[in-house]
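The following pair of complexes shares a single chain, chain A, combined with chain B in the former and chain C in the latter.
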Partner chain A sequence: MFVRTDDKITSSQAVVFLTNTVLGAGILTMPRGITQAMKTPDSWLTILVGGMVVMLVILLMVKLGQQFPGKTVFQYSAIIAGRIPGGLLSLLLIGYFISVAGFEIRSLAEVTLFFLLEGTPMWAIVIPFIWAGAYLVSGGINSIARVYQIVFPITIFVLLLSFAVSFRLFDIDNLRPVLGSGLPPVMKGLKSSILVYAGCEVVLTLVAFMQYPQQAVKAMLGGIAIPFGLYLLTVVFVVGGLSIDSVMTSAWPTIDLIRSFEVTGFFVERLEFPLMVVWLMQMFCNFCSFFFQSSLGLSQVFKLPFPAVLLGMVPVIYLAAMVPKSLEDVFGLGDEIGKMSLVLFMLIPVMLSLVWLVRKKGRIAHG
Partner chain B sequence: MSSILEYIPDWSVFGQALAALLIAIVVNRLYHKADAFVRRGKAIGKSGKSGKSGKSDKAGHSRSVLAASGPGAFPKFEPGAVPESEPEPFSGDYESDLQAILDSIGRNSDFRFRTFPMAKLNRQAALFWVDGMQNDRILNLQLMQFLMFEATIEAMEAPISPGDVLPFESLARCPERGGFKRCVLFGHAGLLIEGVPYGFLIQFPDAAGRAVAEPVSEALLRGPRLGFSEVLSENTSMLRRQGFGTSLEMINYKVGTRLTKDLVLAYFKDIVNPDLLRDVEDRVSKLDFDFFGESGYVEQLIEDNTLSPFQQAQNTERPDRVINALLEGRIAILLDGTPFALIVPATFSMLLQSPEDYYERWLPSSLLRLLRFLAAFMALMAPALYISLISFHPGLIPTELAISIIETRQGVPFPSLIEVLILEVSIEILREAGIRLPKPVGPAMGIVGGLIIGDAAVQAGIVSPFLVIVVAVTAISSFSIPTYSAGITLRILRFAGMLFAAILGMFGTILFFLLLCSHLTKLKSFGVPYVTPISPFRIQDWKDLFIRAPLSLMKRRPAMLKPRDNTRRP
Partner chain C sequence: MVSRIRAALLCLCLTLPLSGCWSSKEIENLAVYAGLALDTGQPAPVEKDLEAQGAEYVKQNKVMATVQIIPIKAMGSKDKDQKAAQHPYLNVSGSGDSILEIFRQFSIRLDRPIIGHHLKVIVISSELLKRQTMDQLMDFLLRDNDIRPSTMVFLSHGQAREALESSQPNDVPAFHIRDMRLNQGRTSKVLEPVTLSRIDALSHADKSFVLQNIVTGGGELAFSGAGIIKGASGHWIGTLGQEDTECLAWLAKSGKSGVIKAYDEDNEPLTYEIKSVRSKVRSAVDGDRISFRVSLSFEGRIIETWSKRRMPTSDTHAEKLAAIIEERVSAMMQTLLHKLQSDYKTDVAGFGQKLSIQHPSAWKKAKDDWDDVFSRSKIDLDCDVTITDFGSFVEK
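== the complex of A and B ==
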């Protein structure tokens, strides 16, 4: 077959897709969110534990998805739970995706307004961004995955470079004492650390788009392992470089870390500029994932044509992005999204799997 | 409850949302309308549109393998693609046939004919030809002599092997008057003999052409100096001359409904992917236009996306480039009358590769190629970056540099977008003028335009000297792109990038880059994704992307073209 007509992605594209979906605003805000909840320098431990938990969740989601080859969660939830309960679950998930998309784009607008375009009206940043996203998403999952493949290496390169250069500020004492207050703070921070993995729900639909679904476990775990490693690196370098006191008081600790030193003799003296650039591109990818997922969900649940839904989503996402009134609201929304993702996790993969198991067992017993 | 209500945005936000939706819908509709509009007249379309294919069948595109006519076989002459009217067979009556021919084409001032008696046959005969298309000496001395004094009817009509008996390199029987007239006007010599119910075409046209020369648009320091010429048979012979082998196949098509021309598809039949070949053949056979002036006509009628700024077929004057592309599993389209061959499918990386990359050693080639990618990036982005950094984020560049740039901009009365536009537009005009000027005047204009105007503009305080550097580097960067038409694409997009940067600064520039990426990933050339092997990611093709790996490592053909035989060496 020379021309590819099926809208499937390869396993490496699936890895990049998941990575780019999870790696979002969190990379700038996550050290503060977790440290504020914990008040100890053990945030990296939390990320580790949280990552392990999320990997288990993903394993469950992949296994569930593999029972229904070629079907997304919006389709198989109706098969498992019945039309109406399944539809309601799907709508919940869609609502969640929309609010995450709104949250991501709002964080992007806040950062852009703060660092790059002071005094520009919010709509002038948000609306062109949504339009550009709509143009990309209209090409289907294949185009999206291909753009991710272009953006992803650039992001990784710049991010690692920034961290490598910031190593001069790194002070291991900032990360001590390990477990100074015992385990309770780690557990307290776990909720925030799950938030940074928000978006891993795309696994529920991604498996359906894979060309070789049998490789899904490996691909999805690989896809989460990359942001897992990057988050770990981020939190270690930011807390190690800035100490927990300044991390807790800063709105965007990662940018503050990169701003706090100069590389003399280089064309751009501060690496904040390239970091902002790749972060904006990364946010674009991140946002497009949620844009795609929510439009896909709506079109599959209500059996509407995808391009029409896509256009209809433009104002919805804009409104979702404009709901928070202030920066505090944005961070509050982030926490809410973390809680929502926990609820959704209990509702969708766990409950659906249980119902599916019961029905399957019942069928075997009766059949 | 009230706390939730509090979060419902203002009416103005709803208004903005509505505007966002409406504009998106309008743009979407416009795009689809425009796409459908330009697609209507094209050779490709959704398969199954019977009207289109029926029409092209009627146009009667004939297809023949160039090497098909074996020795000894009486080459059946194929009249051009379109019968202009009903076929009119020769009547067999010499006088009336002669009169009919003279009546219909005798008015042409370049048309010559001569009647003469054939001594051995004791019959009348007429020879027709067109001025300048036949070697007069051969015509006078050899043909006439043979026909008048030696030819017998047996020799002319020997059914099995006329080539043995007749001293002509080509002799074709033409049973139909319309085709006979067309061929005579195209340059064949035509012969009509009393009592024979068909015309003969002897001698191929031999029109004036230009000498084979070095390709003008793609100069190389090292590599063959041979360039294609305007004669199709010379071009195909140049491809054949690249080496011995039987797998290079060339298929002839007739294109054009009013003035018909030859078009040749060339490919290696044991390398090219059969599905790709079928797609190209399908599109070429559906070409429907009255005249194909240059291979650009073909390119524009078979490309996938007319609205894209990127070319989806590569044009080249170099036979070595064509043969290398064919060996990768691509297909070449050669049209009679132009030295530019088309290579399809084209991918983005091809536009920045030069044949020289393979002739030089791998290390310098790789570095030069990286340099070209950098140059392409600068040609595209440098002015946009200048605008966004100077107008929006001077804090992002090193402080001393920012201060010195801002000092030089002190007297400039315009915002940076206008400043850049002034200089960029004048550079574009200079370039366009430089192409049109005769060669001796060109350098003089370069000096006047580039040096004097640039310097005077700075002196007059219209632009800043730093900008002159930026624009000059941009212009020079775009010259370093090996494919001229790809350079034009980047020039167009540069202006789009400048607008984005002028509106939203760095954010706009990034948005522009992302839109460009989105567009490129959606674009396909004959089913091959345009930015492969970057994405879809094919690691084995990266050996020939940013770097050019040592030849000893390039054992496989590019996987992106899914060739039938993918090993270059075991």
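== the complex of A and C ==
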């Protein structure tokens, strides 16, 4: 059998990789976060605007990555900003990836414990997932991407099926009036709607692994367009099915939507169970992405062997997952992660690009 | 060698999932309840006997909860016990102040733990809703992770626990009530059931709404009208009759079926079967004055008449009969609107939502005391009845 030795991914694998990294626990809680900030049914507009902003951000990150073929952000930040400042920026990014990995695995455990396996201890869910993740990540980006290619169609199919069946609850009046309070609420919700794209920072390393980096713009925009479309669909169906008042008070609004009806005579009467089970796989993919990114970062910054870093990360991720004491803490952490992602965006792609432009100009002038 | 040891170790790990789910519970060891009735607090008959022997704990008896357990044991095997064969369900009542605490008290009386995954129907007595608010009663039911938000909620005129009793053998009242919705195609007196998730949204928004009302008698039950829950207080304030209820369903677009019966000039019954209903509510704002224009148009056929006169199936005659039906349906709608605006001063027909969509700024000003504003608004009614045919009957 043909085994790749260069550990590169094709463009379609890159699309799925980005999609599965962004699309995680957010889809279960996102309608609440945005609606709470806005208090109007216009959340779908906010998602539209937020998505456009994120696409611009991704464009910038890809362009930056394309300047350094085959190099990840952990390597080229040192080239652009110097060894120490670049290393510090990389460490920030690594810390961010670790906390997102912990957050994803914790959300996974919370959903499982509340709806599926009441009575199972938290560690009995978290630890097997971390080990399974470590096994997958040890295979490198190619094996991760191939697992994603298997998981992605299944989860999307079940999600779309659940939404299609939930159409019986859909009431267009729940989404009206459009812009009843004008534009200010849309702007207020914008922050929350950009937060749901947290994780798109992987673009900074992903471009380096692409077999054909020249297709990176298309692939990365495609990879973000899928979560963008699904987020739009989610808010429309969840708010349209439950109304904003119910969404605002629900801990997991998307699951509550699916729990709000029974399909008598269907092969599964209650779609929340298939949805939750496949969504666990999705959150697992999510987690693996960040696990991979943070381990990769550490090994590249400190020039350590990747397998050793990976094993060392296992307890760190476990601790990161167990830090929040309550569900409220978990949601709080989710918000913090979103804010961190904004700060990191200002620090890394924007600042690095500026410095890079200045240095390039300088070199041309002197050269 | 190393890789072989590693493979063997990995294989050993595979034995771990063989043990199955960590927290699995066999369904035979659980008492699944399909119905829940909430009544005003008073010790249930069995409880009185138990309490007489000192089976007590600290409580104020604010509510009595009855769960309808579907015994799996009795279902499959043919029991010699006649009683068990008659009733495929078991009702257990207990009273106290907290619904969860009452549920846990059941655990010192039953042989299996009760589980709410398959709760289908909740019946609340109107009397209880006079004393407690909807929010208080629904709090636990919405928080719990077993009970699904798809559970349907009903009101009962008398005691709610009686709605969960049936004299028919092999009839589980909870399933009976759940399946009643199948009749919606025949009459709009059967409302679309209100689920827990709807109640959550409605009471969070302080909106008033109606719940189907159940009356019982002779071991049978009937859906009769609907009880009004006032959004501002969360209490039950009154009941709409059967005809008001179907008018409400037609108006709010949730029902499109039923019959309209009127009396012709000889006072003989004339029955019109509805094929479709179209309803349109337009709001108008003039300064602080809010008014609505309701247009209802019915399409259907004359399906029964006791008239001794000739019944030509001509268009001119159809128009004459349509006028009789129109007058009747207008009167029914007027009665409903009068009840909502003057008797109960409550908007349960979605006028507020129409206003919020059509005139968002006016709604914002009025929404805090909407029921009050609604009761003072002018509502114009416009009914239109079309007769498409006279059934399989032609006469010149």
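The rule is simple: the second predicted complex is superposed on the first by the 364 of 367 C-alpha atoms of A that agree within 3 Å, B and C clash if a C-alpha of one lies under 4 Å from a C-alpha of the other, contacts with A are read in each partner's own complex, and residues count from 1 in each chain.
One rule holds in what follows: a contact is a pair of C-beta atoms (placed from the backbone, for glycine too) under 8 Å apart; a residue touches a chain by one contact, two chains touch by 3 or more.
Bear in mind the structure is a predicted one, so any value in this text is a computation, not a measurement.
Once the two complexes are overlaid through chain A, chain B and chain C clash, as defined at the top of the document. Within the superposed three-chain model, A:36 lies out of touch with both chain B and chain C [touch as defined at top].
In the superposed model, A:75 makes contact with neither chain B nor chain C. With both structures placed on the common chain, the touch criterion links A:149 to chain B but leaves chain C unconnected.
Once the two complexes are overlaid on the shared chain, A:311 sits against chain B while remaining clear of chain C. A simple residue count on chain A separates chain B from chain C, and the partner touching more is B.
Once the two complexes are laid over each other on the shared chain, residue contacts for A:353 go to neither chain B nor chain C.
Touch criterion not met for A:215: it reaches neither chain B nor chain C. Contact with both chain B and chain C is seen for A:124 once the two complexes are overlaid on the shared chain. After overlaying the two complexes on the shared chain, residue contacts for A:276 are found with chain B alone; chain C is out of touch. Applying the stated contact rule after C-alpha superposition, one finds that A:66 touches neither chain B nor chain C. Overlaid on A, the two complexes show chain B and chain C touching the same residues of chain A, namely 117, 120, 124, 270. Interface residues of chain A, counted against chain C in their complex, comprise 114-115, 117-121, 124, 173, 176-177, 180-181, 242-243, 245-246, 248-250, 256, 259-262, 270.
Contact residues on chain A toward chain B in their complex (touch as defined above): 1-4, 10, 12-13, 112, 116-117, 120, 123-125, 127-132, 134-136, 139, 143, 145-151, 267-270, 272-273, 276-277, 280-281, 284, 307, 311-312, 314-316, 318-319, 322-325, 329.
The residues of chain C lying in touch with chain A in their complex are 21-23, 145, 148-150, 195-198, 200-202, 204-205, 353, 356-358, 360, 363-364. By the touch rule above, chain B contacts chain A in their complex via residues 6-9, 13-14, 16-18, 20-21, 23-25, 27-28, 273, 275-276, 279, 392-393, 396-399, 504-508, 510-511, 513-515, 517-519, 521-522, 524, 527, 529, 531, 534-537, 562.
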